[in-house]
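Each of the two complexes below includes chain A, the first together with chain B, the second together with chain C.
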Partner chain A sequence: MSATVPDTAPASPDEETHERRFPTAPLFLSAPAALLFAALVLIPLFLTALLSFNQFDYATGRTSGFTLEHYLSVLTDEYYLEIFLRTFRISALATAICVVIGVPEAYILSRMSNPWRSIFLLVILAPLLVSVVVRAFGWSMLLGPEGPVNAALMAFGIGRMRLLYTEGTVIVALVHVMLPFMVIPVWTSLQKLDPAVEQAALSFGASRGTAIVRVVAPQILPGILSGSLIVFGLSASAFAIPGLLGGRRLKMVATVVYDQYLSDLNWPMGAAVAALLLIANLIVMLTYHRLVEGHYRRRLG
Partner chain B sequence: MTRNGPVALIFHTAVVIFMLAPLAIVCLVAFTPENTLSLPTNGFSLRWFDAVFHHPDFVQSFWNSLWLAVLSATLAVVLAVPASLAITRWEFPGRGFLNALFLSPLIIPHLVLGVAMLRLFAIVGATGSFGWLVAAHIVIVTPYVMRLLIAAISGFDRSVEQAAFSLGASEATVFRRVTLPMILPGVTGGWLIAFINSFDELTMSIFITSPSTVTLPVRMYMYATESIDPMMAAVSALIIGITAVAVLLLDRVYGLDRILVGQH
Partner chain C sequence: MSFLELKNITKRYGPLTAVGDVSLSVEKGEFVSLLGPSGCGKTTTLQMIAGFVEPSAGTIRLDGRDITRAKANSRGLGIVFQSYALFPHMTVFDNVSFGLEMQRVPKGERKPRVEEALSLVHLSPYAKRYPRELSGGQRQRVALARALVIRPPVLLLDEPLSNLDAKLREAMQFELREIQRKVGTTTVMVTHDQAEAFSISDRVVVMEAGRITQIDQPYRIYEHPETEFISRFVGKTNLLPGKVVTATGAGATVSLAGIAVPVEAAGLSVGETVTLCIRPEKLHLTVPADGLLTGRVADRFFLGSQWLYHIDGPLGTLMVVTANDGSTPAEPGATVGLEWSPSVVRVHRGAMAEAPDVALEVTG
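Moving on to the complex of A and B:
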């Protein structure tokens, strides 16, 4: 007990007068977390950025010197270009499908009444908390040669299809993992929407379709946009889904970084690919924040 | 009492089946008596659960993951409570930077964090250390804790604390008897969401675990890339069970929709 009190004591709030002096208390309070994050986020990222400019000697495995060859080969080598293009294509398709499924689903959920609304919201969102390895494994069983999907195809006389290790399977599983990230922002913007506005459109003689297109859609567009950016960013850096469902040939950016680090042991090359992935991701995520913040500012102002 | 038409309800049913199918098939196949991944058509069997409990690698990884999740969630809360107080209650130079730094693991892909930490651990000779693995997990779960704590502290009525001070309570007493109880739902909710995220984490951990510190998701990933038998389904069913318990707890103490919907 006595050991914990001194730790927690500075956490108590200062009185108003203390807050106007030079603030040392907040620096002490945030110092432990700040030191940890400096040591385990800032320094490692800096070291990895340096590493990506090192030369790699295949014979000895040593890294030294300065070179731009890793970045040049990522940007010119057809092997890497194909992987970046494939990652972009798969992520874009997964995002588009998430919009097509997630937006209507969020709208349907918002029109339900409790308790069904809470129950189905839980059903759609809770898989988010189950390990992605488990979900990937579930899809590999569903789509496997002996799985129920192939059994249904046989029953309909279409015949067995090779579904595993195809782009289609990777996209389906990514949609499953990412759908909650699309439903959440759309659901949030639907909550802010006054149902009376849609009612008004209907009572003035607008058809259901017109009301949705002219009244509902413009108001949830920011939610759809931010959901799309999140889904795209997470899909582009997804590792477990392509790793387990893409097999050895269907590489995406994340699985290539893994190979470079743990099979080829060419860390500088892997670091360069990871650095490009991080930069692309930061651009997407910062756009997201800009969008969301701009949206709120407009609503408040 | 629903306002959705039949087409909407058919669409909704299809989405629900899509979301639950992979989890449902895992739970069913886990009970198969056969040697192959197949639906249990000839009765149910617990043999694959038995096999998991007698598989030393899975048992060891389970304990690794459990300890890792308990330690990193607890330490993340210990670090996040004072840091959230500092960020919410004071205006100080570097506040915006610190806030961005503490939330940065949410926008840096775990893959990038994994290779970055691998580099650091190789340099300081910490590869395979459980302590450093815990530290790495604290970094990735702290943002989830801080988001709930910052929300809890911002919606906090300071006059209760001021009343306690004016009645002569010390700072330590006020924190222990007033502040902490009032932010407790944020603390327990944050701990649970941190526990779940650490327990599930694969992409960063796969770079920084060694044979003796392999976590359960990493073990499962390795196992699934090499061999496929119903044992994998049994482990997955156990994980779904553990997650379900944590989700129900989370729903009780904080409200799941509040955490998930408030999260993004």
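Moving on to the complex of A and C:
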């Protein structure tokens, strides 16, 4: 890179001169990340998109012709529509519950004094160290017909309930897995908050609740927003939890993709469903982002 | 009965006493500053008045009412925070209006009152802006308007000017005082800047290590500091260790390294160890023959309106400040005489303490 430096260039720490001296520096510096991103995200995505336009026949398998039939059948088939709607309903509910639990959790965490704050932060993050599959099996044992929850229900005389393979169970497990992804961004934006701002609200006669609603919450909204986007995106594409706790009956989009690839061996169909999930996810997230963030950009910068 | 009264206020954090036995009476309409180096307990004292910190002992009375244990949001005090603590997601207007809203002032009444407060701090054209679109000085004014609009019985200012640059700070000092005079609100300000405290306060409370060491008018504190610490902390000073050689009624003679110096101080006894304290501007340069002392100009610094000299002499290095009256200043290396009037010498009993690390950078 030093070869691009002309000898006559004045040595100056000025940023503008710097840019003139190393015009290619930004390109070089971002190259490793760009290459990694291209190799691991863009190329597989592109291949999946190509695959989704391939023709498929149960007798002969995949052929390389071009067709839109997979997209058409997904978009017109009520079976698929229902799965898409269910996926987004479950994800939205899981996100909403994560906001309701995670935001107060982060607030309380930020109010703790130090030995406890570190301990509880670790407690919140610790589940991330355990595989999602293991945690899903944990829930399935807990909620199974012979599990402790049903044993307790029997003991109280309520009788056995079918808990596994229901939407509720999938949502509970998703909330459990996704909660750290909500707590961390909210906690980060709470860290940036000037504690005197809340004191100011109190000094002007606001109750603690009013201070939180009127003064604290609007300022941590960007954190809630990014937390919601992460939780929603991960929930909508979650595979292990609906796969293990939703069973064969309660399918979500990711499990359908899996079935198409591995049970029906209809790879183009699986690719089409996956591509549609990506698009739908993008639309939902961008709309949400626009609605909430646009509103606050001017104020919070 | 004074308007705001702190009686034996103490705050302990475990074994540490942040504020010890502080008693202070503030009259209605008075502007009082708590002055001291960082960690002296002045901010903790202010936070106890505000209700953010609960005193371990003592009582706080406001207008005859005991508010020691009252919640911060029930005291109705106006507070300007060091960081201003404006609500970043609200416009200037909404920031100022917030306190009125919390007091359930009817909407129709709120608007004129907010506008009045904004015009008081000359911010009327900025009502629709957000705090981040304002300069530091403007934010400071918003914080002030927001605190004053609720017509608080007491205005609390926590280092209100420390985030402003020097020039703006000076301008805001006078404006703050002018606004305070106009609205007549009893004000308690915390500051570590003695120039700030002196220029705008009716009375200054000097705090040191959690205790009040002197409460007086700014001029009195400067001219008659009660302790050596105050004479060092407040302005520049020359401290000279000596021994009393003669004592007669209202006067005495103190020997400084063999040089006899007359002082005006009663109650000294012969043989006592004392520390003399002379402000640099009270020393005058003369021709060598006329001085009480002679010395050599070791260094000189031009401060614009003044010259600061370091004079090496029999008593060590003395600081001398003379007004820049346009005459030719003494050259470094020149021998000069020093004279002063006995009435400007302050006498502290006891030996000189080790030079403190605080306040030496604080200029007069």
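In this text, the second predicted complex is superposed on the first by the 233 of 301 C-alpha atoms of A that agree within 3 Å, B and C clash if a C-alpha of one lies under 4 Å from a C-alpha of the other, contacts with A are read in each partner's own complex, and residues count from 1 in each chain.
Assume contacts are C-beta pairs under 8 Å (C-beta built on N, C-alpha and C of every residue); 3 or more make two chains touch, one makes a residue touch a chain.
All values reported here derive from a predicted model rather than from experimental measurement.
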Task: Figure out whether A:Leu278 sits in contact with chain B (first) or chain C (second), or with both, or with neither.
output: first
Message: Just to be sure I read the superposition right, which of the two partners does A:Ile43 touch: chain B = first, chain C = second, or both, or neither?
response: first
Query: So, does A:His176 touch the first partner chain B, the second partner chain C, both, or neither?
result: first
- prompt: Which partner does A:Ala155 contact after superposing on A: first (chain B), second (chain C), both, neither?
  reply: neither
Field: Touch count on chain A, higher of chain B and chain C
entry: B
Task: Would you sort A:Gly243 into first (chain B), second (chain C), both or neither based on which partner it touches?
output: first
Task: Give one of first, second, both or neither to describe whether A:Ala201 is in contact with chain B, with chain C, with both, or with none.
output: second
Message: With both complexes overlaid on chain A, does A:Phe137 touch chain B (first), chain C (second), both or neither?
response: first
- prompt: After superposition on the shared chain, which partner residues are touched by A:Pro104: those of chain B (first), chain C (second), both, or neither?
  reply: first
List of chain A residues in touch with chain C within their complex: 194, 196-197, 199-208, 210, 214-215, 218-219, 296, 298-301
- line: Residue positions on chain A within touch of chain B in the complex are 5, 7-13, 15, 19, 23, 25-27, 29-30, 32-34, 36-45, 47-48, 51, 101, 104-105, 108-109, 111-113, 116, 118, 120-142, 144, 146-148, 173, 176, 179-181, 184-185, 187-188, 226, 230, 233, 237, 239-240, 243-244, 254, 257-258, 261-262, 267, 270-271, 274-275, 277-278, 281-282, 285
Task: Spell out the residues on chain C that touch chain A in their complex, using ranges where they run on.
output: 50-52, 71-79, 81-83, 85-90, 98-99, 102-103, 130, 132, 146, 150
Message: Can you tell me which positions in chain B touch chain A when the two form their complex?
response: 1-4, 8-9, 11-12, 15-16, 18-23, 25-26, 29, 36-39, 78-83, 85-87, 89-92, 95, 98, 101-102, 104-105, 107-113, 115-120, 123, 135-136, 138-139, 142, 158, 161-162, 165, 170-172, 174-176, 179-180, 196, 199-200, 202-203, 206-207, 217, 220-221, 224-225, 228, 232-233, 236, 239-240, 243, 246-247, 251, 256-257, 260-261, 263-264
